[in-house]
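Note that subunit A is present in both complexes that follow, paired respectively with subunit B and with subunit C.
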Partner chain A sequence: MRRLMNLAPRPGIRLLLGLLPFVLIAFIYVAASAERRAVNPDDKLLPPVSEMVAAANRLAFEPDRRSGEYVLWSDTAASLRRLALGLGIATAIGLTVGLGIGVLPLVGATLAPLVGVLSMVPPMAILPILFIVFGLGELSKVVLILIGVTPFLIRDLALTISALPPEQLVKAQTLGASTWQVAIRVVLPQIMPRLIEAVRLSIGPAFLFLIAAEAIASDVGLGYRIFLVRRYLAMDIILPYVAWITLLAFLMDWALATLARRAFGFAYVTERR
Partner chain B sequence: MSSTIAFRDVWVEYGDQIVLERLNLTIAAGTFVSLVGPSGAGKSTMLRMLLGQERPSRGEIMLDGVPMGHEPGPDRGVVFQRYSVFPHLTVLGNVLLGFEFAASPVTGRLFGVARRNAIAECHRLIDEVGLSEHRDKYPYALSGGMQQRLAIAQAIAKKPKVLLLDEPFGALDPGTRAQMHELIRFLWRDCGMTVVMVTHDIKEAFALGTRLIALDKKRVDPQAPGRFGAIITYDLDLTRDSAVPVLGFTKPLSKAGSAPHQGAQEGVRP
Partner chain C sequence: MTKILKLLTVAIAAAALLTAAPLSPAFAAKKKEFNIAWTIYVGWMPWPYAAEQGIIKKWADKYGITINVTQINDYVESINQYTAGKFDGVTLTNMDALTIPAAGGVDTTVLVVGSFSNGNDGIVLKKGKTLADIKGQSVNLVELSVSHYLLARGLESVKLTEKDIKVVNTSDADIVGAFKSKDSTAVVTWNPQLMEVKAELGATPVFDSSKIPGEIIDTLSVNTETLRDNPDFGKALVGAWYEIMAIMANAEKGKAAREAMAKTSGTDLAGYEAQLKTTRMFYDPADAVKFVSSGDLPKIMDMVRTFSFQHNLLGDNVKSKDAVGIGFPGGKTLGSAKNVKLRFDATYMKMAADKKL
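And then the complex of A and B:
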């Protein structure tokens, strides 16, 4: 009898095993929903799938009676715009400052302690300050994502750079490289895969900050909608929205992973020796 | 094409621990120096000082009579035991990098005709170290020996006057190591550099070097282990025509043909 730790599933079995929990959860949901409906025909807590599909169809493909907009799409566009701005600017700042801290000891000595302290500030605690300073518009939401994600990116990149073998940096200098050339030809290409990974890890927190900001002050957006319909206990809208947000996050993650593998293949090959 | 290296009264101390004591050494241009000694005797410290990674606590190091700059530069090439090549570049990209650094300060890249010319030069170097079939592979796809060949090609691309080798063949199997010895001997004669090689392999030190320098701590104070540093305990000239009567090894270069060896000797004694 082989040890349990040595038993690995074949590819087909692996797929089935992976699907199993999803099927189980779906089954439990459908059963529980039917149960509650049987007891109380007006139950709102666990709406049947048919109602959720109807609600999703209404929000996605019928114009809103008041504003004339397709609610799901306008919410999605607004949220994704904030998210892209926040994550994009955070990535740019994270890369620049992380590279500076990692490559230049003078910049590291100056900024690393500051970044270390800033990364400990809970972003949600200063959300009121952001609303006061930047108003209730788009800016405060983008800045919240920025503040939440940037320190992590900076520290992660600086750590990645400090893990590069010092031999490489010395070797580059013996090949005549200037500081700038070392940064762009030796360090930058080697930290790009990690940058993309760090951004992937940041998608979750970025959505958290986005939805929190939208829940508190907004007039459009995925988080705004969820917290709006919460008042009517409209689980038939909330659940599809959550599924939709999950799908968006999953697709972003997958796109970044694919990009990293395509563009920086060298980083994903396990060493042969 | 090669440089004279001179250590003048060099001391290295870390806190109250003395690593190297009053090091006085002149290495003639074109010499192949093998640096041996037990661990902790300061071999690598000496090499790091030559690289410019570390400064002597006292004294100075002269390169062709001029005090050496205290940072690594293109006049001194290096091959480390590991991590000498860039994992994100192909074989060609690794060799090309030196040319790109020299020619393009802003982008660090070459384009068009300049790039094609540099690539032609790189192809010659890659052929010389026997990697022409692997030109477009990344380092992870190369064996340890091939990675060191690449590191050597990369280091000599900039035609350094001094080549520093830090246990370059230490991680290789004996067969590969013998091939690498042939390669480095050929390149040393061909380019006429001054070579300083740190090694743990005594046989290798005798086989390759024209001069062997052994570092060791002669004096040890049991109450204060850091009180005395290492000094040069042996300084052997391996270019004499007679067999070197140490440890039973015969002089290696004589059988390889005397003409190139004579050239090296002329370099040693200007």
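And then the complex of A and C:
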């Protein structure tokens, strides 16, 4: 049927169409940068690509003049460590508490309202309390990610479990399964793909909280560097850092998507491509 | 296929031209409407008060122009917006004027020298009673700010260097909360946060800006080109400023003004007056002219630019502290005379002193 909704691009054209918005943005950037440079040769707001490449090279492959460290790599290592800890612990808590709330009505009645309320607390607004309780070191940064991400994971999983067909749970019980067996053998495999998807969706917020935490009190990290050089408008450093963060987040998202399809292929059988 | 490509190229070019337009900087020329930005700080509160009371409008009307006064919540952002061309003037310190707009190629003129910090910036320790005790501690401060400069000057005075301590970049909005944490034993900050930090149990102030008087200067600075093309812009601002200064200096009449400024900055009259005590205000334009024209200012700016250069604030590719030139009244310059990007100008304040506005 020749309708717009049935008009699919061929693979070559598809690639071209996908690249088009990127090319467009790059083009606009280069034009705007050149125009600002023409007016003020020292303009820092939109540095030309060559300067960003030079800055990125300097940060990645030349030791820092003062500390002797390779700035980009030490920042990345510190940030990824915080992010991995934060997201990892959040996932573990999200899975256990979500499973508890979803499977056990007693736990649900006790914790669901609390989680519902906690998920509405803006973490950034209670920072001073976090500082006093968790200090200014690594812990408070990990905790900020935890507070920001965990309630979402818990609620998402509990909702997924409540959407499972009750017949399944009843049937497992008539076959003699205990609560534990139902939770581990029936519920868990079915919510794992959803857990991975929820974590994928949380990568963005997790980065947001990480960078906010690093902006507030830190001496190393991707967010620290961005907010430090923002003081003198060094966009030639900030923009490559933003691109790098985007790439890292994209790779993490892609890795999780691949993992989900490999490990839980059954959940993606009906996926439309 | 090639046809599609050609079409795409044209479309991209057209879109780029359309979208790029708002990103291009404002061109200086004769204009009628001006924008200045301010942030909350004791020495800058007269600006919003002047705008509220219609004093800015009165002076702008006198010269047939319009001046919009806008508050920006974040200090660094206000300077960045000015540097990017969104504002014609901004309230900032001498060091930030050198390291952000001037180092960014935006020729900037210090139009009004309103005050200098005389105790408004300080170092406070929880462990130790003198500045020398800071050795080996980690210090929470806004890195690369005037606090960092104050710390460097303080360390110098007790024969320590930055290698003897660890600097932890901490947002000024969160520094009070940070100091309450047991991890934090030393901070450098400015008012109003400094008052809160000093009030902390067991906290000892060990060094403050009254020991380096005149080195942290609070200014209103404007785009040099805009000022050159529109001297009336400068005249109106300076006229309005000194009208407020005359009111503030008066103990009786100034009370209402100080009370209003206190409220706008989120404190009460007592709190604001405590901050004023540690600020050396130039109520009299003649005092400001004297300060700007004195031989001490180039010496101060030399220390500031040396610190800035050592911390890469003049740019990563800059090979010497002379790269960005600084101009002073009477045609004196410091550093590259060909690349003067920061100018201290007493002309307009002199007009106010001579009552010629």
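One rule holds for everything that comes next: the second predicted complex is superposed on the first by the 264 of 273 C-alpha atoms of A that agree within 3 Å, B and C clash if a C-alpha of one lies under 4 Å from a C-alpha of the other, contacts with A are read in each partner's own complex, and residues count from 1 in each chain.
In the analysis below, a contact is a pair of C-beta atoms (placed from the backbone, for glycine too) under 8 Å apart; a residue touches a chain by one contact, two chains touch by 3 or more.
Worth saying up front: this structure is predicted, and the values here are computed from it rather than measured.
Asks: Identify the partner contact of A:Leu251: answer first if only subunit B is touched, second if only subunit C is, both if each is, neither if none is.
Replies: Neither partner.
Asks: Determine, under the contact definition given at the top, whether A:Arg231 touches first (subunit B), second (subunit C), both, or neither.
Replies: A:Arg231 sits against subunit C, while subunit B stays out of touch.
Asks: After superposition on the shared chain, which partner residues are touched by A:Ala263: those of subunit B (first), subunit C (second), both, or neither?
Replies: Neither: A:Ala263 stays clear of subunit B and subunit C.
Asks: Looking at A:Pro165 after the superposition, I want to know if it touches subunit B, subunit C, both of them or none. Which is it: first, second, both, neither?
Replies: first
Asks: Just to be sure I read the superposition right, which of the two partners does A:Pro189 touch: subunit B = first, subunit C = second, or both, or neither?
Replies: Only subunit B is touched by A:Pro189; subunit C is not.
Asks: Considering only touches as defined above, state whether A:Leu114 meets subunit B (first), subunit C (second), both or neither.
Replies: neither
Asks: Given the touch rule stated above, what does A:Val242 touch, subunit B (first), subunit C (second), both, or neither?
Replies: neither
Asks: Going by the contact rule stated at the top, is it subunit B or subunit C that touches a larger number of residues on subunit A?
Replies: The partner making contact with more of subunit A's residues is C.
Asks: Go through the superposed model and pick first if A:Ser178 touches only subunit B, second if only subunit C, both, or neither.
Replies: First partner only.
Asks: What residues on subunit A touch subunit C, complex-wise?
Replies: These residues of subunit A touch subunit C: 20, 23-24, 27-28, 31-32, 35-36, 39-46, 55, 58, 65, 127-128, 131-132, 135-137, 215-219, 224, 227-228, 230-234.
Asks: Using the touch rule from the top, collect the residues of subunit B that touch subunit A in their complex.
Replies: 51, 53, 71-74, 76-78, 80, 82-84, 86-89, 97-98, 100-102, 105-109, 138, 140-141, 143-144, 151, 154-155, 157-158, 160
Asks: Which residues of subunit A touch subunit B in the complex?
Replies: The contact residues of subunit A facing subunit B are 165, 167-168, 170-178, 180-181, 184-186, 189-190, 264, 266-267, 269, 271-273.
Asks: Would you tell me which residues of subunit C are touching subunit A in their complex?
Replies: On the subunit C side, the touching residues are 8, 12-13, 15-17, 19-20, 23-25, 27, 76, 80, 83-84, 99-100, 103-106, 138, 140, 142-145, 166-171, 174, 176-178, 180-184, 312-313, 316.
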